[in-house]
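Chain IDs A, B, C and D follow the sequence of writing; residue 1 opens each chain.
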Amino acid sequence: MSKGTVVLAYSGGLDTSCILVWLKEQGYSVIAYLANIGQDEDFEAARKKAESLGATKVFIEDLRAEFVEDFIWPAIQANAVYEDRYLLGTAVARPCIGRRQVEIARREGAQFVSHGATGKGNDQIRFELTCYALYPEVKIIAPWRIPEFYNRFRGRKDLMEYAQQHGIPVPVTPKAPWSMDANLMHISYESGILENPKSHAPADLYLMTKNPEDAPSAPDVLEIEFKIGVPVKVTNVKEGISKDSPLDIFTYLNEIGGKHGVGRIDIVENRFIGMKSRGIYETPGGTILLNVHLDIEAFTMDKEVRRVKQGLGIKFSELVYNGFWYSPECDFVRHCIAMSQVNVEGKVQLSVFKGQVYILGRESPKSLYNEELVSTSPC
Amino acid sequence: MSKGTVVLAYSGGLDTSCILVWLKEQGYSVIAYLANIGQDEDFEAARKKAESLGATKVFIEDLRAEFVEDFIWPAIQANAVYEDRYLLGTAVARPCIGRRQVEIARREGAQFVSHGATGKGNDQIRFELTCYALYPEVKIIAPWRIPEFYNRFRGRKDLMEYAQQHGIPVPVTPKAPWSMDANLMHISYESGILENPKSHAPADLYLMTKNPEDAPSAPDVLEIEFKIGVPVKVTNVKEGISKDSPLDIFTYLNEIGGKHGVGRIDIVENRFIGMKSRGIYETPGGTILLNVHLDIEAFTMDKEVRRVKQGLGIKFSELVYNGFWYSPECDFVRHCIAMSQVNVEGKVQLSVFKGQVYILGRESPKSLYNEELVSTSPC
Amino acid sequence: MSKGTVVLAYSGGLDTSCILVWLKEQGYSVIAYLANIGQDEDFEAARKKAESLGATKVFIEDLRAEFVEDFIWPAIQANAVYEDRYLLGTAVARPCIGRRQVEIARREGAQFVSHGATGKGNDQIRFELTCYALYPEVKIIAPWRIPEFYNRFRGRKDLMEYAQQHGIPVPVTPKAPWSMDANLMHISYESGILENPKSHAPADLYLMTKNPEDAPSAPDVLEIEFKIGVPVKVTNVKEGISKDSPLDIFTYLNEIGGKHGVGRIDIVENRFIGMKSRGIYETPGGTILLNVHLDIEAFTMDKEVRRVKQGLGIKFSELVYNGFWYSPECDFVRHCIAMSQVNVEGKVQLSVFKGQVYILGRESPKSLYNEELVSTSPC
Amino acid sequence: MSKGTVVLAYSGGLDTSCILVWLKEQGYSVIAYLANIGQDEDFEAARKKAESLGATKVFIEDLRAEFVEDFIWPAIQANAVYEDRYLLGTAVARPCIGRRQVEIARREGAQFVSHGATGKGNDQIRFELTCYALYPEVKIIAPWRIPEFYNRFRGRKDLMEYAQQHGIPVPVTPKAPWSMDANLMHISYESGILENPKSHAPADLYLMTKNPEDAPSAPDVLEIEFKIGVPVKVTNVKEGISKDSPLDIFTYLNEIGGKHGVGRIDIVENRFIGMKSRGIYETPGGTILLNVHLDIEAFTMDKEVRRVKQGLGIKFSELVYNGFWYSPECDFVRHCIAMSQVNVEGKVQLSVFKGQVYILGRESPKSLYNEELVSTSPC
């Protein structure tokens, strides 16, 4: 007799595989849900694994296009940066993943959703706030906060043993001595050997960006066109390549940014629940877009509107970081910001080189720039 | 019969040389004042020139140390950035220059001060607000806003003719097709051929920083130590060089930043009086310090204090940009910010390479970072 | 040969009558424009006076309904209060008056507009910013800032003499020893004997509100219904009277507020151009609405949306005070605020008594109030 | 064998008497602590009651003077108002009570503190944040959040039965159909029959203020003198009475405000934990001081400093409401605000009448008001 159906956010990894089996043990029917938001993953292998572990259904959902359009684009419009440095790559992905998860839960009549986030991070909060906002009646099973679970699995060793006992394929490669979160926008690295804030990150950590020292010795020059504050086209000026769908644009900017080592940061940030945490991030395409959007916005937006909007963007960033994407205040702020972008339109030329983005020039039919007025000097 | 004494902010260039002579023609006694705030200048030549043009006295004042301590350091504490990008290199220099100018005017019994700033820029405002704040009774002579002056000198040609007629040495090298403002913190380039916001800046424009393409192919690794939010020591980890006075620290960071092409930006900004203006800036040492201060501050400051202080820093930046350094509200905000820095103490390691600053690690006796707490994963 | 046509904001008083004649003397064709925004005025007498002084046309425009709907209502939505106390009665009227004035100027082909505001107040700025925003090519004639005018008219005596010489009817009653500005929303009193901030205002100063000491000894009880943040109906619960058009609602609230002496304040405020100024205001209906809107808004708006909106309301108030109603930033802020009001709907009961407004209770179909949840005590 | 010593915030009422006995039953030694912050209470009776119930020690602490000086005065400096209306009378008292409670706990070697606040209100949070901030190692026992307790005491009836069984004196007068919190600054009323936000409050609810309808028919006229933003003297102009210690000043303002029915509000507010709550408050002296401080501050503070400080005051109010008096950010904001008050000095005359405070005039040696400058009219 089933306790009900759970939609589990399944990653294919050891943790959520153990959770899948454990939930079954507890008497739940488990639907495995795996969102493709651009991470490097063998989705078919994950599907088979989930099926073999007893998932009643498996949903592999390609959310990449909606991730860009519905989540990354508003962040770009907002110039969203948390605590002056972090571009919120994980934070904007959570509501995207959660939105589909509750859609599936509703559609499949599941009363429960579950996830493998730990009890000290931001992600549990982001995940759960999204679920409650969009499906208030849902019940959330967070195994890493349930004593029966976390007392049983006190470390990786316990999970490995459990996996062996229950026919869960055990990873053959050793786990990296840090944890990662990867999606189309960024990869984050934290904990493990990175926890000591004084230790330098290993040079071979980064998966999305080249080491700037090894990056090409000549820049790429791009032109990015914006409408209502979001990119509608990117052109590689020398190579003549251009992209014009949101997903293609963002993917291409990741490619160029990655090739030139753009968007690496090593920071200490304040988590929602107060503690400080050291994180290393690489956000190649997002870093290019932040710089370029700042430029076209400054070029086309009234000075005083910009000041008000800057404050709203900071508020937006805090809300998103803290998991409140689906909240009345974030809705409100997002709509205000969107309203500010009506004239943010035009083209920016830029070069990308050795970890840096250099703005070269800009033009716009909506420019508020007046070349005659600005001419300052009689000589 | 003299109309009174004017202390003229004299640069040694064509404009202020013509102004010096013109003021004498108008019946004023002229004291020439030239502030050394780190620009590349032959100060002795300028002294002789001013004397030969009839200045009754010439003051060449070395303000470099106080520029760093009293003006750049508070900007670093504030993470001062105007409109998300401009590090305020000119804006922080104006009150420093103006402060000494009114000191001289008071000491010498001069009722007037004068400057060569044009009528469309921010600098006239910054200069004049400083003078009025510190010497409310002073009268300001701004020739570029006086019809008799600006109608007579409608272009460089008029100035050149006037110079020839009055024995003012005429520059032999042709004027660059843009205008510049240089000091220890930055060089700005604007107007002339840069006015078209679409045109790319010429590659040979920059004087303070190497082109990143030509920068060394290996990074420099530095350690910067902070107390109360300002650097107290910089060490080049590999080379073993270290500096520990404010001026030496800043000068050394300019050297390292300049060598690696750090701190170049090309932006459109909103001037105080509303119009948009395209400016190109290079701020090597300031850019390094902004990044490093952000890091040590995040590491040692309470999350919520940081949020309040971030808002005050934005306010501070607007006030400084707009020339209000010496205003009750800027005083207030600056004191609040200084109060927030009491625990901003510790060391940051960083590398500087091809136009970028990379934070590598940090440590602090005042850290709020708790390595045990932050450990997130059971495996 | 006319210098062109001027649309003069004409009040019927001595100042603007002299200005009308003086403008004619200077060679302009003068159109007199008098806005009815609820002040107590003999408009037909003013029309005749303007015609007799040589106005080529006279426009008496009843703007009361649009003043309420387009200007007072947005201020109510914003809870607009300047410096925590002033309800902006004059500031919201200026853009209303100016809007129609430039409409007339455009329609009549006038290149000039003129007004009688002095050179030290806020109103000149509010007036002129409105005109330039809506009719950028217009030229403004501000006689009180023109040396030929203000040197000729150094005091009331000069105006009186000029009036007698030019057949301008001279006021027979002596001028009050202060100046006033009256409209549907408020009357302000300032200058003259009120300038000394220590002096108490005379008891007989107020024209719109009864002295609370003489007000009825029993309250009136009202119910006000709101939709999208603005009142749509007011009912006098005991008397059964109700009103439901914007102008009728506001007029009735003025009547009730005035009868009970509501909305008198005596403050020192900071004018746009820096100086402090003592002003006495009576704002009967506006004060009732501010209180009631605060209540229904708190009842129906999400907590965090309210915080963001509160900040926008303060910004809005500063912009309106400073004359920037028609500016990109005020448009932006006003639209954001309007967006926040979609659910501000419901009914508030209140009593009005001896200068005070007491909220008694509220209900709303959009309430976020949950009676079950809030129940706190087990006993 | 005792589980340890608890310092219980004891009120003398039914709830905390039951908690006292229950804690003993659980094996704790109980120290009863009762703070006198100006509420109307028979403190000696409470002492005897606590002793008779088995408290090992009883501390009755007169905190009235420090409540005014250390908590109410900073709120006055801040113009502290939560959500535009609530003067924070309960919120400023909690850290005052908690501070002494942890002092006692430390001094007496108690490892535990306990309180009778329920699990849905703000007070549990305010209380506990104070304790943890000042005594991080302390353990808090919150019976109303402990299942063994709240399941046993499901209503007043259970408490009454328990009281009878354990010799706890049972209140003879029936409980009011709402709950109250009283101190020197205010009385709040909520829950019970007040929970329905539409119901009007009963006329006989208020204990601190007279019904304005029954208040004297002539005003009292006061003069209040400020230094560094806090009152240093109050004088009743007609009666010649004056007070000059903080506690005497505040008590006298309560007397005058109470006599004239000043400071009654009926609001719906947003609690920390999100839900909306209807509260009725009377804050006679605090309301007078808020009005008067606003006036002297506007008179003596620079316009732009005021704007920055206004934002900090709103932040302060939110922090205090939410219980963060003892937090790094509240410390920071409070110090910034205090710094803004150095010149807030002078005298304000005001009248108090029928529920209202009317400012009549003000003077200051630090005034920024310039009577000559402000004179606006040529006639």
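We take it that a residue touches a chain if its C-beta (ideal position, glycine included) is under 8 Å from a C-beta of that chain, and two chains touch if they have at least 3 such contacts.
Chain by chain, the UniProt names read as follows: A, B, C, D = Argininosuccinate synthase.
All figures in this text were calculated on a predicted structure; none of them were measured in a lab.
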| item | value |
| --- | --- |
| Starting at subunit A (Argininosuccinate synthase), fewest touch steps before arriving at subunit D (Argininosuccinate synthase) | 2 |
| Farthest chain (mean CA position) relative to subunit A (Argininosuccinate synthase) | C |
| Winner on C-beta contact pairs when A-B is weighed against B-D | A-B |
| Chain centre separation (subunit A (Argininosuccinate synthase), subunit B (Argininosuccinate synthase); CA means) in Å | 38 |
| Distance from the mean Cα position of subunit D (Argininosuccinate synthase) to that of subunit B (Argininosuccinate synthase), given in whole angstrom | 49 |
| Interface hub residues of subunit B (Argininosuccinate synthase), defined as touching at least two other chains | 307, 311 |
| Which pairs of chains touch, using the document's own definition | A-B, A-C, B-D, C-D |
| Residues of subunit D (Argininosuccinate synthase) touching subunit C (Argininosuccinate synthase) in the complex | 14-15, 79, 83-85, 118, 120-121, 144, 150, 153-159, 175, 179, 190-192, 195-201, 212-213, 217-219, 264-270, 274-278, 294-295, 298-299, 303, 306-307, 310-311, 314, 318, 349, 353-356, 358-363, 367-371, 373-379 |
| Subunit B (Argininosuccinate synthase) partner contacts - residues on subunit D (Argininosuccinate synthase) that touch it in the complex | 302, 304-305, 307-309, 311-312, 315, 324, 327-329, 332-333, 335-336, 339-340 |
